[in-house]
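Below you'll find a set of structures to go through.
Paired with chain B in one complex and with chain C in the other, chain A is shared by the two complexes that follow.
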Partner chain A sequence: MATDTKTPALPVGAPVRLKKMAPPGHVRCPWYLRGKSGVIERDLGLTGNPEMLAYGGKTREIRLYRVRFRMQDIWGDAAEPASDTLDAEIFENWLEPTNAS
Partner chain B sequence: MPHDHHHHDHDHDHLSPSGHPYRKDQDAPLTYHQQMEIAVRELLVEKGVTTKAEIATQITAMDNRSPAIGASIVARAWSDPAFKDRLMTDGSAACAELNAPVDAMELMVVENTPDTHNVVVCTLCSCYPRNILGLPPDWYKQREYRSRTVKEPRKVLSEFGLDLADSVRVQVHDSTADKRYLVLPMRPEGTEGWSEEQLAAIVGRDSMIGVAVPQV
Partner chain C sequence: MTTDSEAADTGRRWHDMGGDPAGEINRDEHDYALWEKRVDALMVIATGKKYFTVDGLRRVLEDMGPEAFETMTYYERWIHSVTQNLMEAGVFTPGELGDKMAEVAARGQTYGEASLGD
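Right after this comes the complex of A and B.
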């Protein structure tokens, strides 16, 4: 049931954007981070997909990452000091690599 | 209430001799989920999957969890650099050494330094390292803490009485999946030579969530 590779597709430091989508049901991606850009902070390994497990469905394992965001990239001018950061655990189905950081 | 008064709220004017409100008896019928829990529990016992004693033992074990467990982990990390290394590398394994297993959840320990202050929140629900901190405080689960900590953490910390210098980076951890977070506070000055027991006594729950720092 494991994915095709044991190596994370996204290396530490890789710039990513969270998909801006709003599927119904049990979703494990905070709303305020959707569409926001950050970098991979670390790989947390393979895990069942909770968005399928929640419905008793079969799930292939997917990768979980910690993504680091600059507060400014989340909140813009409303952010407290721009150097402050936020880490969140994001499943790979929500991530797309970007070129610019 | 079997009195004839019409529409009078009796909850507030009936006090015990010591001045506390009486707690209402639970005379209402069971809710759907209460019935479901009892049915499932009785079936599991009947089928020999578990026993009543096992369930009672587990409830006791869960009730006994408190921030004192987390404080002893922090005190050990302050006293034993090799243990601290293991704690930072694999939090769950290191806690198991101290007889404080964190079950299947992987514990991530994040360390405060002179440059970085960590604070933990769970915006999606209320994920919390219960195995080592016990039940979460009420505010941890409330919308205000959950929504504001990710947007204006410095303001929130200031309301807790913790004002951070601008030179310190605030690192928020939104605990959104299967990991649990423990903040390892900085050991305060003036604690040189203290025993682990003395150290543990100054490590409060809030300092391990990141909304406070230990005080001497």
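Right after this comes the complex of A and C.
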């Protein structure tokens, strides 16, 4: 995904998975959501990349999305009620499109 | 929490504790000491001057590790991070900070003396 496009690469409703990676350093993707699948709830536009800003680097803008997850997909049978959803704001560098939700 | 095995937690950083059991929440209100308010103000000034951002504050807090989280208070951790970020931004050097700390300490032992009465 390009980081300089003016139009979102991921449309609302697109199924995505959060990358399950663990690089060292300051990152903005909560551990409990890594590897989990959800759908794009909305595009939040371009913003400074906090993973660059944290090190005082020059800001390269990056797109932020709101991603909706089913609680059951995060917590399994511990989710109650299982039909609840959770929204998290995730930067595009942590998202990969998937074919199924 | 999840079906992930412990081995799958390799690389998880100490501060990233979302979803873990947290126990009771202390809802007591408390006042802030003057120095704590000054640390907060320093953060506002430093970010206002664009020396660094809240992302840099968080980065250093995370790098300080769980020991600091257990042994230092909230604003003690903040002033450590603010200081680190200001030095990285070239606002002052460790040596200059040392000189200033000695100068302030020489004013007196009480908070009022050290603060020049303001």
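Heads up, the rule we're going with is that the second predicted complex is superposed on the first by the 97 of 101 C-alpha atoms of A that agree within 3 Å, B and C clash if a C-alpha of one lies under 4 Å from a C-alpha of the other, contacts with A are read in each partner's own complex, and residues count from 1 in each chain.
Just so we're on the same page, a residue touches a chain if its C-beta (ideal position, glycine included) is under 8 Å from a C-beta of that chain, and two chains touch if they have at least 3 such contacts.
Bear in mind the structure is a predicted one, so any value in this text is a computation, not a measurement.
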Practice prompt. Give one of first, second, both or neither to describe whether A:Thr47 is in contact with chain B, with chain C, with both, or with none.
Written response: first
Worksheet item: Regarding the shared-chain residue A:Tyr32, is it in contact with chain B (first), chain C (second), both, or neither?
Response: both
Practice prompt. Pick one for A:Pro81: touches chain B only (first), chain C only (second), both, or neither.
Written response: first
Worksheet item: A:Glu89 contacts which: chain B (first), chain C (second), both, neither?
Response: first
Practice prompt. For A:Tyr55, decide between first (touching chain B), second (touching chain C), both and neither.
Written response: second
Discussion item. Let me test your reading of the model: by the given contact rule, A:Leu64 touches which partner, first (chain B), second (chain C), both or neither?
Written reply: first
Worksheet item: Of the two partner chains, chain B (first) and chain C (second), which one does A:Ala22 touch, if any: first, second, both, or neither?
Response: second
Discussion item. Give me the intersection of chain A's contacts with chain B and its contacts with chain C, in residue numbers.
Written reply: 30, 32, 50, 74-75, 78
Worksheet, complete the sentence: In the complex, the residues of chain B that touch chain A are 106, 123-124, 150-155, 166, 169-179
Discussion item. Quick check: in the complex, which residue numbers of chain A touch chain B?
Written reply: 28-30, 32-33, 44, 47, 50, 64, 74-75, 78, 80-81, 83-91
Worksheet item: Which of the residues in chain C come into contact with chain A in the complex?
Response: 1-4, 9-13, 16, 18-19, 52-53, 55-56, 58-59, 62, 85, 88-89
Practice prompt. Within their complex, state which residues of chain A touch chain C.
Written response: 21-26, 30-32, 35, 48, 50-51, 53-56, 74-76, 78
